[in-house]
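Labels run A, B, C, D, E and F following the written order; every chain starts at residue 1.
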C-alpha cells in the first residue's frame, strides 16, 4: 500500500467517523501528566498523550523588565523537537514548525494572563523575575500543540519560586512559593477533514489531513489565543463550532487534571 | 543569442560609444529622490536611478562611545539585498557583495566627516548618539554603489534627531533638530571597458564589463574614499581621469539634488 | 600503491618497530620553540615539532569573575585549524576536532593550576584578569595535541602582564610582570598500534592508526588531565604504561625546554 | 514599536477618555470601515510580479519570482510547485531599529502566510518548480501581516500565476467593547483590545489565515470574524482595480 | 550548576567535617558501590531503539534511529555505516538554565562517546547506512556522560544493532584521599576530588572512553581505573536485565 | 589596535612636534622608502606554495592549495579555475584580542584581494579546478593587507601557478603634508593622514587593487599613486629574490 493510498484510506475512514485507534472524532487519547520530572527546574511536567510525549520545564532568574512594561516580570519561551523524538527531526537551528509551536504555546499562556506578571516585579524598571518556559518533544505521535500546552500549564503549576537575599542573589535550593497565577488556559487543536472536525490527531492522521485551528481557552471559558495552520480554509461557522469544541474540552481537562491541584 | 554573444555585443557597442538605452558613456540615468518614505525612521529616502531602486534609513539611539573616540557619536551601517530585488538574491547572511557595498557607503560618509560626530556626544566617555544607517536594495538594475550612496546622503539630510529627557529617555515622537552636518559627499562609480570609461552602468552592462573604481567626493571637491572593484586593472592616468569625472558628476548631483535642501 | 596499502604498510612497519622517518617508537621529532612571535600579544610562542607547526598566544583583559569563583581570574581558550595548514582544513565554524583540541589543552593548563588564578583577582567578585589562550595550527603533520600544549605552555611563560591605572584602564604598551605560575604541565599523546605504543605521530601515521591517550603531567610528575580518543580501546595495563611514558617524556621536555627559563 | 506603545498607553490613561465616541473612531472612520488602502501593481522591475500596498500608514512591498527551477534540485516536488515565502521588516520600519535578518516572529508570520496562500494557488500546474514570494515591510504600523498578504496576493496575480481567486486580508477586533474593523496602533493599545487578523478567499468566504490574541468570548469571536468578511470584500475590490490599472497601463 | 556548587562548597568548608567516614559515604554507599541505577529499554515509540536511565539523580533518555539511508548522500561510506552521535542537555536540566543548542562541551562529549561506541558496533555490516544516536539529559547531576553512554548502549541493543557486547560506563575518583566509585555532585565538589569517567566493553574489560581532570599520581590513576572495572560489570548486569525485561514484555 | 592608537595620538598631541623633519621619518626612512621587508618562500610544508612576509613589524603567512578539484562540485566553472581567497587576523595579532572567525572587514579585504589577483593568474588554464589562497596575519601593524597580497603573490609563484607577473603591494599616503611611502601605524595616526593601499602588476604598472580613506585633492591622489609605483617595483625585486632563494635551496 503506497503512502498516497494510506492517506486516502485514513481520510475516507474519518469521513465515516472511524479512526485507526477506534476513538470518536472528538475523543482525546489517554492523558497522563507527571509533575516534577527534572528536580533542577523550578517546575516541570511530562505529558503523555497517547504515544506523544512532551516535557516542559520552568526556570527562573532575574532580569530587567521590558521598556513598555516596567512593573512586570518577563516570559521567555522555546520549543525544541529533540532529534530522538522522530526520524525526521534534525538537530540544529529550530525550524519554522518549532518556532510556531513555541510561539503559540507562549501566547496562550501570555494572553490569558495565566501568570500574574505584576507580582513578579521586584524593583520597578530595574529588576523583575524572568520565567523561562522550555518545551522539549520526546516522542512525536501527533498533536504536539495540545500536548505542549498541557505540559507548559502543568509545569507552571508545579513550579516553586526560588528565593532571593537582600543582594538579589538567587538560592535555587530554597524554593518556597508557587508562581502567582490568575487562571488556567489550555490549547485544543481541531483539525478539518472534509466537513468533519476531529481532535487530538495522531502523526498518521496528520500525514493525511493538515488544516487545523488551535484555540486556547481559559477557566472562565474565554478564548485567549487562536492560530490557524495548514493549507486549507475554514468557514465562519466552522470556526465558531471549533471554539465551542475547544471550550468544552478545555473545561473537561481542567476539571479532570488541574482543578484539584490549583490553590 | 547566447549570454556570451550578448556580452560581446554590449562591449563592442560601448567601444563605439553606444549604450543600450541611448545614453552617452558619461551620462547618468534619470534620478529621483523621495524623502521621508518610512515615518518611523529618523530619516529616510528612496532613490530611483533608472530602474535601480534603493531605500536608505536613519535610526538613532544612545550608546557608549568607542574607546579611541570618547567624545564622538557612533555610526553603524548595513546594506542588504532584499530577496525581492533580483532573482539571484538569496535571503540569509549578507554575502561579500553586500558587505562591500555597506562598507564603501559607510566609509564615504565617515571619512568625509559628513556628520559632525563631535556634536553627537552627550556625556564624554559615557553616552553618545549612535546613528544606524541601513540600506535596502529594492530593485537591482546596476550601479548599486552610487544609488546607495545617494540614498544614504538623502536620508541623512532628511533626518530629524529624536529628543531626550533628563534621564536620557528617548522620545521618538518629538523629533526636532536635523543631524549636525559638515559637508555632502557622494560616490560615483566609473567602469572600464577597453579604453572607455563609463558611468551609471545597468545590470546588463555589469554582466559584460566588471572593473570599476568608486570615488567619493565632497562639496569642496576633495576625495574622501576610493574603492577599486572587479578583476581588471587601471593605469595611473585612468585613475586620475576617473577622479575628475567623479568630481564633476558629484558637483552636478549636489547642485541639482542636494544644494537647495541643505541648510 | 593505494591508500589502504599504504596504511597497512605503516602498521606493519610499526609492529616491527620501524617508522618512516627512522625514529624509535618512543622518540619525539625535533622540537624548536620560539617565543615572542607576535609582539601585540602579551605572550606568544611558535612550536615546530618536525613539520608540525603551531602558534599560541596569550592576550589579557579585565572581566567579571565566574559566580562560583569570585576571587579568581578567568581562562578562555580556543584552537583553530587555519585553512593554510592542511588541504582538508576548511574555514568556518570550528569542527569537533578543533573543539576537542582546544578543550584538552585548556583543561591541561587549568586542572594542573599552571596559572595561579587567585593572583589574577583585582577586586573580588567584580574585576579579575581574563586570560585568552588562543592556538592556531599553521602546518599539520600530526600530533597537534602535544604541539599545541607545548605552544600554550611556552606562550604562558613568555607572557608579560599589561599594567592598569587607578581607573582600571589597561596599558598594553607597559607590560611588566610575568604571569603568576605554580607549575609547568605538558600533554603527551601515546597512540596504540596492535600491542605497540608510539608517540609523536606524523599525519601519515595518524591516517593508519587512530586510537590515542593524551596525558598531561606537571612538574611534580602528577597527572592533571587525560583524554582518550579514536575508535579503539585500552587495557588498564596499557593506560598505566602510557601514564608512565607521558611522565618520563614530560620530565625530559621540561628539563630541556622549560626549566632554565622559568623563574 | 515599544517606546511608542508606551507613550500611547500613557496618553490613553491620562486622558481617561474614550477613543471611540458614538461609533466614530479617532481617525473619523466608522466601526466597519477600513483605513485608506492604496495598491499599485508592478512596482519591482526585475520581479515576475509585484505590488506596493499602503494600508493606513503601514507600507509594504511584495514581489514574486517564478514559477522557476528549484535550487537545490533535491528540494523539488514532482507533483507541484514548492512555495517559498519570506516576510521581513526592514531595519528602519519600526521605532526601535530592528537588526537585519529574520527573527522568530518573521519566521512564524511567513509560515502562516504561506499556508494562507498554498491552497489558493494552482501549485499542481507547475511540478518541479518553485514560486518565491517576498514581503518587505517598509513602514510598520498596525496590520503589517494583513497588508503583506494583500500585497502578495496582488503580486501573484501580477505574475500571472493562476489562483482560485484573490486572497484579501484584514484584521478586526474589539476596542472599548466595540467590534471594529482594521484597528490602528492607537486602538490596539487600548487595554481591552483584541486583534484578530484574517485572510480570506473573498470570492468564497473561505478563511485561510486566522490568528488571535486577547481575551474574548465565543460570541465576540463570531462577530469579529463576520466583520472581517465585509472588510475582505472591500479590499478585494481595490486589489482588482489595481490589477486592472496595471493591465491597462501595459496595454495602453 | 554553578550556583549550587558554590553553596555546596561553602557548606563543606563551614562544617569542616569529612564527607566519608569509615568507608561510608554521605548517601550510605560503600566506597566501591554505584548509585541506584534504573534502566528501562524501549521508551521512545518512534525510535528503532531507546532507553531511559536514572543514575542516582541524573536522568537521561537515549534513542537510536537506523540503520537508515544517509542524507545527504555524498556523506555515505561504501565500507560501513556512519555513526552520528548527539549529546544534549535540555534547558531546564541544570540549575542555571541552558540556552537550547549545542555548546563546545556537548560537541566534545558527543565526539568521545562516538569514539567509545565506534569499534563496538559492527558498522561494516551496514555499508552506505547511517546510525543516529541521540542522548538527552533530562536532569543533570554528577555523571551525565556515563549515564548517557549507558543509555545509548541499551538503546543500540534495543534497536537490534549487532555489537561486540554492551558498553557500560561509570566514573570513579578520589574524595578525601579515598578511591571511590561513582561520585555524587557533593563528592565532586570536595577540594581534592578527581573524577575519571570511563566506558568499558565489560565483556572484555577494554576501555573505550577515558577522561580525567584533577591532580593524581600514576598509582592513584591505576587504582581508580581498576575500581571502574567493578562498576562497569555491575552496570552491565542491570543493562542486560533491562533488555530482557523489554524482550519479555514484547513477547508476553 | 584601538587602545594603542589612543595612546599614540595622545603622544603626538602632547609633543606638539612634527613626526617628519627635513624629509626624514621617525624610523629614519626617507619619504619614498619602504619599511624593511623580509620574504621567505616555502614555509608551509603541506601547502602547494607558501610565503612568510615581515613588512616592518607586520607579519603574515600565506599558503596556496591548488589547482585542485572543486568541492562541492556544482560550484565548478567549465571555463576556468575558481579562486577562493581568505584573509584572517589571528586572535592575538592585535592589541585588543580578536574573536576567531571572519568579520566584515576580513570579508571585504578578501574580496578586493581576490579581485586584485584574478586577472593576473591564468585561471583559464585550469578549468573545473579551484585555487585556494589563505592569508593569516600573525602580527598586525600598518599595512596588513599589502603585506598579505605581497605574500600571496609569492605563494602563488611558489605553487608554480602561471601568472602574468608578480603582484606587488604597498600603501602610500600623506603625513603632515608630505607624500610618503609605506606608512607606519604612528604615521597613520597623524590627524591629516591619508592611507592609500595599492596592488600592482609591477611588470606593467597596472593597478589591480586600490582603496583610500581620508580627504585629499585629485592632485594629491595622483602623487600618492605615482609614489606607490616606485614602492611596488622595489618590492617586486625582493619577491623575486625570495623565489630564487627557494629555487636554489631546492636544487642545491
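Operating definition for what follows: a contact is a pair of C-beta atoms (placed from the backbone, for glycine too) under 8 Å apart; a residue touches a chain by one contact, two chains touch by 3 or more.
All values derive from a computational prediction rather than experimental measurement.
Engineer: Starting at chain A, how many touching-chain steps does it take at least to reach chain B?
Structural biologist: 2
Engineer: Quickly list, by label, the chains bordering both chain A and chain C.
Structural biologist: E
Engineer: By CA centroid distance, what chain is farthest from chain C?
Structural biologist: D
Engineer: Centre to centre, by mean C-alpha position, how many angstrom separate chain C and chain E?
Structural biologist: 27
Engineer: So how far apart, in whole Å, are chain D and chain F when each is placed at the average of its C-alpha atoms?
Structural biologist: 52
Engineer: So how far apart, in whole Å, are chain C and chain F when each is placed at the average of its C-alpha atoms?
Structural biologist: A distance of 31 Å separates the two centres.
Engineer: Could you put a whole-Å number on the gap between the CA centroids of chain A and chain F?
Structural biologist: A distance of 58 Å separates the two centres.
Engineer: For chain D, which residues are shared contacts with two or more other chains?
Structural biologist: 3
Engineer: Chain touch graph shape: choose line, ring, star, complete or other and state it.
Structural biologist: Topology of the interface graph: a ring, with each chain touching two neighbours.
Engineer: Given the touch rule defined above, the chains close into a ring; going from chain B first to chain F, what order do they follow?
Structural biologist: Listed around the ring from chain B, going to chain F first: B, F, C, E, A, D.
Engineer: Would you tell me which residues of chain B are touching chain D in their complex?
Structural biologist: 37-42, 44, 51, 53, 55, 57-59, 61, 78, 80, 82-87, 91, 94, 132, 134, 136, 138-141, 170-173, 203
Engineer: Under the touch definition given earlier, write down the residues of chain F that touch chain C in their complex.
Structural biologist: Touching chain C: residues 1, 3-4, 7, 44-47, 50, 57, 59, 61-63, 65, 68, 86, 88, 90-97, 100-102, 132, 134, 136, 138-140 of chain F.
Engineer: Show which residues of chain B lie in contact with chain F when the two form their complex.
Structural biologist: Going by the criterion above, the answer is residues 66-68, 96-97, 99-100, 102-103, 107, 111-113, 213, 218, 221-236, 239-240, 243-244, 247.
Engineer: Quick check: in the complex, which residue numbers of chain F touch chain B?
Structural biologist: 2-3, 5-6, 9, 104-105, 107-108, 110-112, 115, 118-119, 196, 201, 205-218, 221-222, 225-226, 229
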